[in-house]
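Take a look at the structures listed below.
Next, two complexes with chain A in common: one pairs it with chain B, the other with chain C.
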Partner chain A sequence: MSNNILFVVQRPPYKSENPKLAITHAMSCYTADIHIDEPVEPTLAYVGDGVLNCIRDQRSQDIYGLISTEQHIKVQLSGDMKILVCKEDIERLGIKEERLVDGKDLGAEAGLNVVPFKEILKEMEICDHLMFF
Partner chain B sequence: MGTLTIGVFSSLIGSMNLDFAVKLAETAADKGHNVNLWLSGNATTAAKKGQKEYKDYSYLIKKISGLQKKGVQVAACEACSEARGIHAGEDIIEGITSIGMDWYVAKAAKSDRVLHIGVE
Partner chain C sequence: MKLGIFYSDLRGNHDMLFRLKGEKIGVFLVGNGIYHATIKEKGEPSPILQKKEIDYYVLSEDLSTRGFSTDEVDSDIKVITYSDLTDLIMNDYDKLAWL
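Coming up: the complex of A and B.
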């Protein structure tokens, strides 16, 4: 039996540590079995201004000297992490789906899942634990 | 009795979230629950040794030490602490474990309730 933790990100990248901590905490689920005898399955969902984390061609390494959130997302996509992006919020911000990060260059088979908010709500209902960043 | 895991990401000074989390942990432990307290992001500043007590600023060292006596497991995110120059072994209050984020998600997964205070 595995436990599912849903990480919901509502903050834009870089001016707050929280969005980065959301993805690093989600990544750490894959090593949680060091501490317990069950796997922990993460799902990541970007909503509100948090969808801005998912835009491709982030240059934070050049400008801020920081690993980009894009790089973290790509690595997780290549590891098959389920990552949801709120459809209504990308539309509200005028972001086309083709502007979103994909992990093809790292071998990811699936990209980000752009879904209506009601599907993210459904994930909130079925997850074992919810962490809101 | 149940298990409660509290994750807190807010700074010691500038927000009351951490004060609330510590108080809640204390109350739950007093009621006989198992409690885990995770300090991440700016909350790792609460784990720093050698803080001076002023009447105008939150000061939680005594309370956190009291939590440990009540059996609360307190852990601070190793990466978040190190990024702030708070080094395991030399800078962290005795009894607080400096450890990776997998500790928190593992404790959360096995808890009856999780209170995650993630937004500052």
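Coming up: the complex of A and C.
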């Protein structure tokens, strides 16, 4: 039996720790399964203003000494975590897909999955646990 | 009154911003306030930018942190550094508010 956990991020980055916690919790799933002796499969979904977390070229490390959300996303992409981004929300905010993070420099084969909101709703239906950030 | 207003949210208190009056009003877009200077939601500029009598500034460090460059900022908004911000609040404004 596996535990599918969907982490939904709905807030923009940096103002609070909340959106960053979603991705660090998702990252921790890969070690959690060692302790509970069951596979844990995390998925991240960025919706609403949360899609702003996925813009590339974030320089928080240079300016504030903070690991950027972009760096976290890249590492997870290179580890093949499934990461969804709401298509309607990037369009609403005027963000083109080429402005989004990819993990190619870290060897990630797949990038962010830009999908309609109905796909994210489907993920909410099939997951075992749903967490909103 | 010369009033400098810090604005640090994407979904903030627009009503209060427009109720504040003074002989000089400056809005400093910092933190997540920078999205007002860069994002055109549904193709439209942010409603907080509609007041022509307000001087708008955006903090370059917070733009870069969030993946934006100065080229992406609306031309009516002045891009400033922390050092510029310090000069502005010390020299140009009597009072400061954070919305």
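Methods note: the second predicted complex is superposed on the first by the 133 of 133 C-alpha atoms of A that agree within 3 Å, B and C clash if a C-alpha of one lies under 4 Å from a C-alpha of the other, contacts with A are read in each partner's own complex, and residues count from 1 in each chain.
By definition in this document, contacts are C-beta pairs under 8 Å (C-beta built on N, C-alpha and C of every residue); 3 or more make two chains touch, one makes a residue touch a chain.
Fair warning: this is a prediction, and the values are worked out from it, not measured in the lab.
Student: Chain B versus chain C on the shared chain A, clash or fit?
Tutor: In the superposition, chain B and chain C stay clear of each other.
Student: Report for A:Gly94: first if it touches chain B alone, second if chain C alone, otherwise both or neither.
Tutor: Second partner only.
Student: First (chain B), second (chain C), both or neither: which does A:His25 touch?
Tutor: A:His25 contacts chain B only, not chain C.
Student: Applying the document's definition of touch, where does A:Tyr64 land relative to chain B and chain C: first, second, both, or neither?
Tutor: After superposing on A, A:Tyr64 lies in contact with chain C but is clear of chain B.
Student: Centred on chain A, what angle do chain B and chain C make, from Cα centres, as a multiple of 10°?
Tutor: After superposition on chain A, the angle is 90 degrees.
Student: After the superposition on A, what does A:Pro12 contact: first (chain B), second (chain C), both or neither?
Tutor: second
Student: One more residue to check, A:Asn3. First (chain B), second (chain C), both or neither?
Tutor: first
Student: Can you tell me whether chain B or chain C touches more residues on chain A?
Tutor: Between chain B and chain C, B touches the greater number of residues in chain A.
Student: After the superposition on A, what does A:Thr43 contact: first (chain B), second (chain C), both or neither?
Tutor: After superposing on A, A:Thr43 lies clear of both chain B and chain C.
Student: Once the two structures sit on chain A together, report how near the CA atoms of chain B get to those of chain C, whole Å.
Tutor: Least C-alpha distance: 14 Å.
Student: Per the contact definition, I'd like the list of chain B residues that touch chain A in the complex.
Tutor: 7, 9, 40-42, 79-80, 100-111, 114, 116, 118-120
Student: Give the list of chain A residues in touch with chain C in this complex.
Tutor: 12-15, 49, 52, 55-60, 62-64, 66, 68, 70, 92-95, 99
Student: For the complex, which residues does chain A have touching chain B?
Tutor: Residues 3, 5, 10-11, 16-18, 21-22, 24-25, 27-29, 31-36, 38, 40, 42, 128-133.
Student: What residues of chain C sit close enough to touch chain A in their complex?
Tutor: The touching residues are 8-11, 31-32, 35, 39-43, 61, 64-69.
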